[in-house]
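Consider the two complexes below, in which chain A is the common component and chain B and chain C are the respective partners.
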Partner chain A sequence: MSTTLNLKLKVWRQESADDVGAFEYYDVAVADDASFLEMLDYVNEGLILDDREPIAFDHDCREGICGSCSLMIDGQAHGPQKGTATCQLFMRKFSDGDEIVVEPWRAAGFPLVKDLAVNRAAFDRIIEAGGYISVNTGAAPDANITLVPKEAADAAMDAAACIGCGACVAACPNSAGNLFTAAKLQHLNLLPQGQPERLARTEAMVEKMEEFFGSCTNHGECQEACPKEISVDFIAMMNRDYLKAKLANRKRSGQKKFG
Partner chain B sequence: MALTLDSKTPEGPLADKWDKHKFDLKLVAPHNRRKFEVIVVGSGLAGAAAAASLGEAGYNVSVFTYHDSPRRAHSIAAQGGINGAKNYKNDGDSIQRLFYDTIKGGDYRSRESNVYRLAQSSVNIIDQATAQGVPFAREYGGLLDNRSFGGAQVSRTFYARGQTGQQLLLGAYQALARQIQLGTVTLYNRMDMQDVVVHDGRAVGITARDLLTGEISAHSAHAVLLATGGYGNVYFLSTNAKACNVTATWRAHKKGAAFANPCFTQIHPTCIPPADEFQSKLTLMSESLRNDGRIWVPSAMEETRAPGEIQDADRDYFLERKYPAFGNLVPRDVASRNAKIVVDEGRGVGSLKNGVYLDFADSIGRLGKETIKARYGNLFDMYERITGEDPYSVPMRIYPATHYTMGGLWVDYNLQTTVPGLFALGEANFSDHGANRLGASALMQGLADGYFVAPSTVAGYLSGLLGDAPVETSHEAFTSSLASTQDMVDQLVAIKGTKTPDHYHRELGKLVWDYCGMSRSKAGLETALSEIPALREEFWKEVKVLGSGNGFNQSLEKALRIADFMEMAELKVSDALHREESCGGHFREEHQTPEGEALRDDEDFAYVAAWEYGGPDIHKDSILNKEPLIFDNVKLSQRSYK
Partner chain C sequence: MTQATESRPGADAPEVNGPPKQSRFWIVEFYSSAIGKKWVMALTGIGLMGFVLVHMVGNLKMFLGRTEFDHYAESLRTLLYPIFPHGVVLWIFRIGLIVMFGFHIHSAYTLTRMNHRARPIKYQSPRDYVAVTFASRTMRWTGIIIGLYLIFHLADLTWGFANPDFVRGAAYDNLVASFERWPIAIIYILANIALGIHLFHGGWSIFQSTGMNNPRYNSARRGFAAGFAILVAGINCLFPIAVLAGVVH
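Here is the complex of A and B:
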């Protein structure tokens, strides 16, 4: 049986990146078996009927996999539940009478779109810089021709589980994009298929990342906030690969840079 | 005007058709390819794969998606796996068997030639994805692992934990990203396609609305590919992502593309039932749970005890009782319909009496909690997160939900719609799954269409246009499309009614679910046909969209989509009413065996119903065209799971 929670929401409203934003307050009574986003849907329905514009926020799958949803909830990226994206957070994690502060991801690399929605295109640019294995359609050999040790496949999968939500950036005091970038790099760099382009990929992606995001100073907040609990160990691996890539390039100075 | 539905199926033995066809298709020489503009709408498996492959080949490709990033397409959510007839397990699988299983599973309502090609391509997909670095599950020896899925008798399903769709989509997205970097593909994100532009009987481009600025722009091309997914959200509540919609295919339909078998939708038996009126979507729990869970409801309607206190004698294991051979593992449609029967009888469980139990107590007793945890730990956690109940100690509650749409734009063997130059790929077309889709086959179809079929067949079409410049966007065909799109936006914003877009979506969903869901009757469908147009009329008078058409406006995005669902729903119901038989996911109460099983009518209904748009009074104006289905290679039989 569900119970009703009476809550006070403090929500960031901002028309666009060029406008000044401010908090607005809303009272809401909601069943504790609603999800956090359903709670916002409900608030929005009320706002519309009241002739007030609904709160803009990104979401789609509502299953914790597409990476669309975001939100800083009481200062925590994706809210209080560990290993959980906002869309998978349910109101039973809150108590009657709570005040809940809801803000967008705040990072220079993620410009604001409206209210709680931000632009995370920087992540696409990082992938475009080298987050792939270059293989044309139809050119692939039989899938079992290359044996991949189970441990490598499993570790690659751990990294590949990243949903590209940006919580790692939002949670980081420096707005660093290292966990996201490292997750993609190590997904590919841990696999035999990823070896030929390993160093070129690492260099290109890390340098693209630096165009948008701050530097990592090993706070580890990213791993805490990550809904997929991606490990910061991948960042260490990325740093090692980056160093190797730089050395390899220095040795070849005077030659064409590879990749 | 009746259409001619030429399936363009090549002559010759089934196994040789695709090779022969590829040989017969005209090619475009590499140096000529960059002279062609191709628009791909959609960046799911089908769209991303097609755009990347066409870009690699050298065409100028533009990709449109309403998502902020191509990686967020709904394909990302697929869990279970993807079929591939590799026969790595040496258990008797083959292309022929995958073909046969798909035709039979589709209840003999799909086209043999397309399905065979799909089975052939499945093998290449696994190779392609593996080379891209998709981290499929492996055995200790380093070879790829397989499992059996959705009742198949062979192990042919490849998987990446419970995130197969995510990993396959990331593979395709990364291939796409590589082409974007190389400059062969231009990405238009947060762009919502509004219309297909047709000139001289050919598709020559699209118009699209920029979701950030509200600006509507025209884009010209030699060919347009729609890979825009399915229409399951016509039910409002479904397992689809919230933004999935029918706009692209429906607007194409209004521009001349026939819509095939819209009544064929798949209902998945194992979803978490809604908890209240504000439920926004339904969550799928993997089918694999039925391997170890037992499905039951109390025998008595007035049962009030907690499940653990109900003795075995007072429980009805209705699937085991009715289908002793298959028990809890009967196909999706059979499991779903039987759950509906017991819930309708008033024997449903949970506070809203809207579910059935899926009980693991016996398996936990037999195998131990640890084994069950190892098999289903993630799913159990997800269930607990959503419902707040611990499925190790209390049985899960499940209920069927809409999951996949087999119907879609009619396409020929080339995946071309009835509008030349307009192609449809993936869930957006009707082509391969007949009246019911087998588990792990949608990912396969999206990627087969995108990586292997469209790149060849689209080239065949383009070869005939060499030397033709794309139509200028200043042409009347574009300007009139821009004007009508703007007009629709302006109208919706001007209504300033009394009810929210979601209100109308929810009301429509209830009608379609009640009358055109798991079980359909003439009387029910007729009720829906009288209520849908009335609801649509009310929507256009009373919907309340705040804000303007310029700028980011999520209510407006929704309203535009709901407007199309309101029309499409009527066609879906018309189609269900006209199909006087039961097959696959389409169960007509009038057509069942004395035991309550689906009764197909091959004599009168072994055809694809391809509807042509005839005017705004959808039920009356739509024109039915039939493509007869000819089975040269399989023998039609009634399914039996007794």
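Here is the complex of A and C:
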């Protein structure tokens, strides 16, 4: 049996990027087995019935793998539960009578679209800068022809778990995008398939990232906020690879600058 | 087949910091990037940590008395003498320190500006931080305190104009005369607490910024930073306390 929670919501409402926003208060009674986004759906149904504008928020798969949902909940990206995206956060984490504050991600790199929705196109630009490998087409290679140590595959998989939600940027006191960029770099840089373009990729993605975001001061808030619990160790690897990218004899390794 | 998508205003990524700097010299390009500046911050930080450690060890000589301490102070000027003339090696060290301080402060200043640009609109509700420490949140302020203190420290015991009893070359007497005034002693103690806090985050940050990441020593990184901070700042705080307590007189 689920119990009903009576909650007071304090939600950021803003018509568009150019408007002035403010918090608005909503009372909601919701079953404790609802997810946080379902709770917002209930609120929106009520708003629509009252002929008021529903709260805009990003969501898609609602099973924690697409990276669409966001939300700063009570001052924490994706809310108080570690290793969980907002869609997988359930209302049983809250108590009857709680006031819950909901704010959009705040970063110059993520301009606000409306209410709680922000534009995360900056992440797409970083991926475009080098978050891929180049493979010439031809016959399919034999399985296991490229040997990958189990540990390297595991580490690459840990980095590849990044869903690109932007919680790292949102949680970072400096709005740095280092955890996202490091994850997207290292899941390729750790594998043999990623080596031919490793240095060029690192340089291009880091420098694209720095067009949008702040710098890392090693607080570690990002790895705590990350719904996939990606480690700041990948940032350390990225820092090392960036120095290599600048120092190495790139002419010899054929890794000319991207772009 | 590629599809043309209609571009709406405000739909693309925003302009925040501008494109990366291009240069013929890799080192200029490297330093113009934020990660490059973090490297420079870390490497100059290592140099400055070496300096504060040696400075602290040298000052321990005050417990051996006036003759030993003044002899140590003079020996700094005769380092590698007669290969180098009197005082030259000390000046090489001083120039090195000034350059390291310069880059350390410049990179910190530029990165702080960049970080402020990256979040022009702050969170309107209180943040609930999970991982930040007091030290990591106050690096800018402890850094500024150390910088101001450094100028005072030079005025007090190197240039001497902040110390009414200053006699050039009488290192031990100058130090005792300075620390015997309790307000001055408190300035030294507070500044060294700030130094300890700065070293606690900086000492760990070095490993992260330079990619020193290895399961063999990862668990020791925080301990190293804490140990180094307590060692240097703690013993530095002992000096004014020893003078005030009459152990060194």
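To be clear about the criterion, the second predicted complex is superposed on the first by the 242 of 259 C-alpha atoms of A that agree within 3 Å, B and C clash if a C-alpha of one lies under 4 Å from a C-alpha of the other, contacts with A are read in each partner's own complex, and residues count from 1 in each chain.
Going forward, a contact is a pair of C-beta atoms (placed from the backbone, for glycine too) under 8 Å apart; a residue touches a chain by one contact, two chains touch by 3 or more.
All values derive from a computational prediction rather than experimental measurement.
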Touching partner for A:P149 - first (chain B), second (chain C), both, neither: first
Touching partner for A:N119 - first (chain B), second (chain C), both, neither: both
Which superposed partner A:G138 touches (first chain B, second chain C, both, neither): first
Which superposed partner A:D74 touches (first chain B, second chain C, both, neither): second
Doubly contacted residues of chain A, that is, touched by chain B and again by chain C: 113, 119, 121, 124
Touching residues on chain A, where the partner in the complex is chain B: 1-2, 16, 30-35, 37-38, 41-42, 44-45, 48-49, 51-54, 56, 58-63, 65-68, 81, 84, 88, 90, 92, 113-114, 117, 119-121, 123-124, 127-144, 146-150, 153-154, 156-157, 160-161, 163-164, 187-188, 191, 193-194
List of chain B residues in touch with chain A within their complex: 49, 52-53, 56, 67-72, 74, 76-77, 86, 88, 124, 126-133, 135-144, 160-161, 163, 166-167, 170, 173-175, 177-178, 180-181, 187, 189, 212, 241-243, 275-276, 278-281, 283, 351, 382, 385-388, 451-452, 455, 498, 500, 502-503, 544, 546-547, 551-552, 554-555
Chain A - residues contacting chain C, complex: 10, 12, 17, 23, 72, 74-76, 80, 101, 103, 106-109, 111, 113, 119, 121-122, 124-125, 173-176, 206-207, 210-221, 223-225, 232-233, 235-243, 246-247
Residue ranges of chain C touching chain A (in the complex, touch as defined): 10-20, 26-27, 29-30, 33-39, 111, 114-115, 117-133, 136-137, 139, 201, 204-205, 207-213, 218
